[in-house]
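Common to both upcoming complexes is subunit A, partnered first by subunit B, then by subunit C.
So, the complex of A and B:
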């Protein structure tokens, strides 16, 4: 019999519908694979008992003719999504004992559609990083070369997808944290338009940037997951009322006549398959247009100021009083101090300290607000580009995964690590990475076209 | 030019309730001063005076709702993760002698 973990999410759905196998069988196969590949450290918490119970319930629903859109599909959840009754840590010691009494909206939607929870995946602490080395639970290894990092911050999810330790996974982006590990692990990743997915129950890093999204073995798999996760949520005031199309039915395998922009600022360094990709798009009948995005260079600076300022505010809540780890002290202040010193890793502490400057009176007026104005200029670059073209096309991350040792010595701070990813996070436009490392970015709310083009890009041999 | 010294770093660390040793604070001050100088140069771009600050990418009307409790009476759930609590309250170190 075929190894059930070799099937894509879409193929698994087909097999389940045809009763070729049950959700319990496919879930059991994934649990076995998780055990075999445990040394990769892709998961922080495995939930085999929950998974088998959910799979059994799923099989019962299917037998009763009540199959949801992801009925019986075993999924991994980044440990930034609160899951009711299942430990949720943000890969931080400070939340290492936190059992949420509530469920994030997006994961609830997945369970309502029939998905099965395999466990919670590793990430950089509070999603701050692009290698998973800042995780309190240790680094995740890249399944393609175990001396290398999987990228990040959703590195556990990307590794789990690449190593067939789940059929698909959730991720979050703040500055590129889905597309970066997708590129490093050669899987597909998609972050929708800001406001498409509710942030309720997703542990906050920088609220004006944070976005839930997905990682899968193909863009079709991503489309199937993300269309379930999207939709209005009264618990998130920045959640849109727009209708959610059935994206996976809109992947019509053609880009003939489409105008695809190539921003010159995104081609300063390109991967080996770049020229071939350009030729492929032309052969598929797309019209390629050169585009200028003059403020691209500023995205890293704006991200630095805005994300740290917002992080300081969001992380103030970890006080050792209401949840998480507490380290005792003689006074309240001493207890706060002891708790936060013991609970947060150095990267997180540093970002909070510097973020404080940007939210102080001087830092706010001289740096934070001007950086937000620069953010408007970056957005104008996109607005102008989309007057001329349907989507933008570029590499996602033009460098190869660095080694774990290199990551410990600051490799992730290199300029080409995330400068093709950050502008689309700052502006909230939909963007994705195909499983060959190529990126498509679209207009606000036009998630469908991004997915459609990415799906074609994955046809490139 | 904004110059950040060791004491400012230590003060900011106190604001976010973390400690930082003197030598690390001094190193951070030096690096942060340099970073601020680089940021300052980038923000001299006169174009930024022509646009408003972008606070969120969300381009729809943000809704208002009645200021009423919608999910109250969940004391047990709220206290379930508290490191120290009585049946109805969070507990903290004694503040008043």
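So, the complex of A and C:
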């Protein structure tokens, strides 16, 4: 019998629909694979009992002719999404005992569509990092080379997808946290337009940047998951009212006549497959246009000021008073300090301190306000570009995954680690990474075109 | 200016502004679906958002927005079509998210004013702004020897913070400003204005300067003073403390102080050097609030009549004096009671009954007007019975007492007790005949010029009729009879 975990999500859906196998069988196969590959440390929490129960219920629904869009598909959930009754940690010691009494909107939509929960995947602590090295639960290993990191922060999800420990996974992006590990683990990743997916129940890092998204083995798999997760949510005031198209039916495998922009600032360093990719797009009939994005260089600094400024107040609630880990003290202030000192790792504490400075009376005028102005200029770069082209095309991360050892010595701080990813997060535009490490960025709300082009990019041999 | 404090070196005047926090009347909290009701068991009214759980997001309650706009209109203020929510960051046990959502840079309501009346006449006290924000929870420190308890029922209830300009020049003005403000929010139904329950709380900014000096000196903030009387006392105390410091050459810090009504003093809470940096910045979870003209206009059209307008109307249309009108509009319930009572009745007479007998009776029983045993329409009906001659003013006082005890309608009481004024002239004439016949000697005296004795006869008539005869009618018939004899 073939290994059911070798099927893509789309193939699994077909097999389930044809009754070639049941959700319980597929789920069992994934649980077995999770056990085999547990040393990768992709999951923080595995939920086999929940998974089998959900799979059984899914099989019943299918038998009753009530199959949803993801009926019976076993999925992994980044541990930034609150899952009712299932421990949710943000990979932090401070939440290491936190069991949410509510479900995030996007995961609820997945379960409502029939998906099955396999467990919660590793991430950098509070999604702050690009290697999972800051996780309280230890680093995840890259399935393609276990001495290397999977990227991050959604590294657990990317590794789980790459190692066939799930059919698909959720992730979150703040500064590239889906595309980065997708690139490092050679899987597909998609971050929709900011506001497309509800942030309700997703543990906040930097609210104006955070956007839930997905990782899968193909862009088609990503399209199937993300169209279920999207849609207006009255519980999130920043969520969009726009209709959600059935993206997976819009992947028509052609980019003939499309105008594709190549930002020259995004080609300073390119991976091995870059020249081949350019030729491929031309062969497919696309018209390539050189684009200037003059404020790309500044995006990194703007990202750090905005994200850390917002994060420092988003994380103020972790004080040991109402939930999570508490370290006692003689006074309230001492309890706060002991709790937050012991509860947060070094990277999170560093960002808290910087963020506190950036939002202080002095730092606000010197850093936060200029950063917001620069953010508008970066947005203008995109607006101007999209007057000329339909999408932008570039490498996602032009470097190879660094080793775990290198990560411990600050490799993630390298310039080429995320400078092609951050500008699109600051502007909220949709962006994705194909399973060959190439990225496509689109206009606000034009998620469909981004997915369509990425799908073609994945046809490149 | 009446409030000038004579010091050793100068005449000093007060410069004072108030920051008043008003809890908004709404069913649910400003950013969560939990009940905003006062009271309940501790932590009964708490949504996950109010307890600062991860992943929880604020969703703006439109009722709270409407209440702010209404109040802004009551303050004659500019309604800002564009406003923005900011985070005010600080750590405290009763602040579950570590920040309060408020509006620093772009408040929902801009400049306006409140008109106060003092001995010196009317003055406008400027309002700087009104902004919408969340209340914090409550820390309870006396339930456990070494632990503090937290009640989040109040956490996230909507607050309007109304900031005045430093226009207040006397404790009396401060007191009247607060009373006016309370009256406005009560009229509008935007806040119940109960200072003792904490649904209206006041911070006072006080500084002094020699009369004639321009600019402002050191300012001291007195936090959380919870009655009009205390606000006036605290200002007076602080003014004298500051003057004493200036005149003895001692400096005092720009600081936050607490008012202690038991020891009648203000005490230092924290100095400005230790002032917190609240690290305000726009809340990324909430888009800016943009209001349309139509929305604002609809609210304006449905605005209830405010006390100042009502007072004018009482004076112009009902002919009440400014003083009477002022008393009757001072609170919404009294005005509503009065307006119900005057339906079809003589408004001035009703006003006299409300401010005289009714207020006295309520005061005696320590009742507020909405607890009055006499319904407004019944008081009106009582006045009606006097006007149409059914009962005399004197009998009316007795009927009023019975109404107070029994809550019965006046017509019913008059019927049951047979208090109807005797208007049958035949019956009265018969009564007079009898009295005159029995007292012919006194009639003779009257004839001889002792006119005063007529009064004695009227008294006899009233006595015989148990007060049921209209005195004017009794007089008229008596004159007639005496002329006949």
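One rule holds for everything that comes next: the second predicted complex is superposed on the first by the 461 of 461 C-alpha atoms of A that agree within 3 Å, B and C clash if a C-alpha of one lies under 4 Å from a C-alpha of the other, contacts with A are read in each partner's own complex, and residues count from 1 in each chain.
Note that in this section contacts are C-beta pairs under 8 Å (C-beta built on N, C-alpha and C of every residue); 3 or more make two chains touch, one makes a residue touch a chain.
Only a predicted model underlies this, so the values are computations on that prediction, with no experimental measurement involved.
Novice: Using the superposition on subunit A, tell me whether subunit B and subunit C clash or fit.
Specialist: In the superposition, subunit B runs into subunit C.
Novice: Once the structures are superposed on A, label A:101 by its partner contacts, choosing first (subunit B), second (subunit C), both or neither.
Specialist: both
Novice: Per the overlay, which chain contacts more subunit A residues, subunit B or subunit C?
Specialist: More residues of subunit A are touched by B.
Novice: Of the partners subunit B and subunit C, which touch A:85 in the superposed model: first, second, both, neither?
Specialist: Once the two structures are laid over each other on A, A:85 reaches no partner at all.
Novice: Look at A:317 in the shared chain and tell me whether it touches subunit B only, subunit C only, both, or neither; answer first, second, both or neither.
Specialist: After superposition on chain A, A:317 lies in contact with subunit C alone.
Novice: Taking the superposition on A as described, I'd like to know which of subunit B and subunit C A:237 touches: first, second, both or neither.
Specialist: both
Novice: Who does A:361 touch here: subunit B (first), subunit C (second), both, or neither?
Specialist: second
Novice: Looking at A:202 after the superposition, I want to know if it touches subunit B, subunit C, both of them or none. Which is it: first, second, both, neither?
Specialist: second
Novice: Looking at A:309 after the superposition, I want to know if it touches subunit B, subunit C, both of them or none. Which is it: first, second, both, neither?
Specialist: A:309 contacts subunit C only, not subunit B.
Novice: When the two structures are overlaid on chain A, which partner does A:371 contact: first (subunit B), second (subunit C), both, or neither?
Specialist: Touch partner of A:371: subunit B, not subunit C.
Novice: If we overlay the two complexes on their shared chain A, which of subunit B and subunit C does A:414 touch? Say first, second, both or neither.
Specialist: Neither partner.
Novice: What residues on subunit A does subunit C touch that subunit B touches too?
Specialist: Shared contact residues on subunit A: 98, 101-102, 208, 234, 237-238, 316, 321-323, 332-333, 336, 356, 360.
Novice: Could you please specify the touching residues of subunit A with respect to subunit C in the complex?
Specialist: Residues in contact with subunit C: 81-82, 88, 90, 95, 98, 100-102, 104, 199-204, 206-208, 234-238, 309-310, 313, 316-319, 321-323, 332-333, 336, 356, 359-361, 364, 368.
Novice: Which bits of subunit A are touching subunit B when the two form their complex?
Specialist: 97-99, 101-102, 194-195, 208, 234, 237-238, 240-241, 298, 301, 304-305, 312, 315-316, 320-326, 328-337, 340-341, 344, 349-350, 352-357, 360, 362, 366-367, 369-377, 379-380, 426-429, 444
Novice: Okay, in this complex, where on subunit B does subunit A touch?
Specialist: Where subunit B meets subunit A, its residues are 2, 4, 8-9, 12-13, 15-20, 28, 32, 35-36, 38-40, 42-43, 45, 47-49, 51-60, 62-63, 65, 74, 77-78, 80-84, 90, 92-93, 95.
Novice: For the complex, give me every residue of subunit C touching subunit A.
Specialist: So the residues of subunit C in touch with subunit A come to 48, 51-60, 87, 89, 91-93, 96-99, 148, 150, 277, 279-281, 284-287.
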